[in-house]
Amino acid sequence: LPICPSGSVNCQVSLGELFDRAVKLSHYIHFLSSEMFNEFDERYAQGRGFITKAVNGCHTASLTTPEDKEQAQQIHHEDLLNLVLGVLRSWNDPLLHLVTEVQRIKEAPNTILWKAAEIEEQNKRLLEGMEKIVGRVQPGDTGNEVYSRWSGLPSLQLADEDSRLFAFYNLLHCLRRDSHKIDNYLKLLKCRLIHDSNC
Amino acid sequence: QSAPGKPEIMRCRSPEKETFTCWWKPGSDGGLPTNYTLNYYKEGEELINECPDYKTAGPNSCYFNKKHTSLWTIYNITVKATNRMGSSISDPHYVDVTYIVQPDPPMNVIPAVGIQDGKPYLLVKWSPPPLADVRSGWLTLIYELRLKTEGEEWETFLVGQQTQYKIFSLNPGNKYIVQIHCKPDHHGAWSEWSQEKYIQLPSDFRMKDL
Amino acid sequence: QSAPGKPEIMRCRSPEKETFTCWWKPGSDGGLPTNYTLNYYKEGEELINECPDYKTAGPNSCYFNKKHTSLWTIYNITVKATNRMGSSISDPHYVDVTYIVQPDPPMNVIPAVGIQDGKPYLLVKWSPPPLADVRSGWLTLIYELRLKTEGEEWETFLVGQQTQYKIFSLNPGNKYIVQIHCKPDHHGAWSEWSQEKYIQLPSDFRMKDL
């Protein structure tokens, strides 16, 4: 059991433990997102050439995130933490709708339905953890609630099946990409802040 | 008749890092009908909350479902006993959910006999308990295997993350008992041992026996 | 004599998630001197770029150094073959560097014999491939270890992120061969296996042997 100094009021989870748990959770969320994308791709996207159309970007493209090691290492850790928060917040709404809309896909397998619900839940849990970490690293700074609005719900409900399936494909492709970014940035931040860049 | 004695929070456990339960032992009831309330607050918060569910986990318990379970904070939990003559409060019990994970036992334990370089060995296979996804590393489990012949001492093997294990240097003709248990790789407690499984090693080994 | 045949982009690989290389296979050259240009554009960009470096990775290749390598963005790559009679363009090849990482094999693999509770075990240690920046956390590698005695089947152990591993279930007196390979924690391909390393287990174990 965590040893809280007797009489101490504020016995708390250390920053190192918070990062350990956040990284384990971001790893799990990306693992699920990848599996969900692969399953959807195999079952619904074969031969439809969706990848060629998926290049028009994700709803989080407005959040300028580092795209190589040098950029990721040059950005200040507080800015990177806030970026991670921004990307996570940007996914709250689409994940909520994904859980309901996925059930309307023809013969959507349980494995996809379960993953959509699990990711939505774990994403909220990771957001809670990141707010705790940011609160610890930047006490007092309420931080600007940066996030990117999602307006993709109508496209998930289109009558034309091909367009609707492409909308799902693009959303899952973006979820796989963004959850990988978050996982990568958190592993970087953990090494930098907890292990002095010597993981 | 008197005020109730001090209750004691005995144990809290999470089976899969997603929910948890705490149990307490009542003190003396002072000869009067006594009721118990569990209160908790989270690290850095002023708000005092009451137990969300006294029923699910049976008497003298409080069950925290997913919505009430946070991985990011330490819970400060107390139990208060109250009767007509007064009340008394337990010592605070601190809970960090990651530290109280005790998984359910492994399943489908299957021992089989094999032969390598002419020597017999026991190959035991099993599967993890059916709980949060272990494949992805969200909950990494390590295993221990124990083995003995009837009436002997157990011999224990630390297996690591594998879900199978080979045991050499066995005595042909013996009947062995095998059990496995598991634990999260960092914090938490060993599960109960799995059901006992028996395997009889043939007395003399010729290839055709297998 | 005729226009060249269609070239084909065969493979793209990044050894450390910081640079990458693509290779193509020329089509027929139509009996004339033919030259090749690789063009690409990145997702969301109109600008068509040419291969920054045709030399570094040898013939029929294009090497993208750190400055020209971005993650989490799709490269649309084509190769054009041109000779006096005309030209022909390959099918487009879509690449996100995140998914083409194949590290070099691990290094300094050192097996050693140890004893714990009177039981022999093999402790294998290694280091990550030098190009991979695991220290900063930019790249996280997982490892697999395989082990066998001469003439037997390999037995593989998923090790996770550590760079050492203990193996208990062993046959005293045997000579074992050990190899390790690695892969990024999520996407990409396993490296080649490391060089074979040999270790002889003493046949009977007494404390003084070690």
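Order of writing sets the chain letters: A, B and C. Residues in each chain are counted from 1.
One rule holds for everything that comes next: contacts are C-beta pairs under 8 Å (C-beta built on N, C-alpha and C of every residue); 3 or more make two chains touch, one makes a residue touch a chain.
Quick caveat: nothing in here was measured; it's all calculated off a predicted structure.
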Set of chains adjacent to chain A and to chain B: C
Per-chain CA centroid nearest to the all-protein CA mean: A
Between chain B and its twin chain C, rotation from the CA superposition, multiple of 5 degrees: 155
Rounded Å distance between chain A and chain B, as computed from the means of their C-alpha atoms: 31
Distance from chain C to chain A - Cα centre to Cα centre, in angstrom: 27
Chain centre separation (chain B, chain C; CA means) in Å: 40
Multi-chain contact residues (two or more partners), chain A: 27, 31
Complex contacts: residues of chain B adjacent to chain A: 43-44, 66, 70-74, 76, 94-96, 98-100, 133, 135-138
List of chain A residues in touch with chain C within their complex: 27, 30-31, 34, 51-52, 54-57, 61, 65, 67-70, 72-73, 177, 180-181, 183-184, 187-192, 197-199
Residues of chain C that touch chain B when the two form their complex: 119, 149, 152, 157-158, 160, 165-166, 168-172, 174
Residues of chain B defined as touching chain C within the complex: 116-117, 119, 121, 137, 140, 157-162, 165-169
Sites on chain A touched by chain B in the complex: 1-2, 4, 10-13, 17-18, 21, 24-25, 27-28, 31-32, 121, 125, 128-129, 132
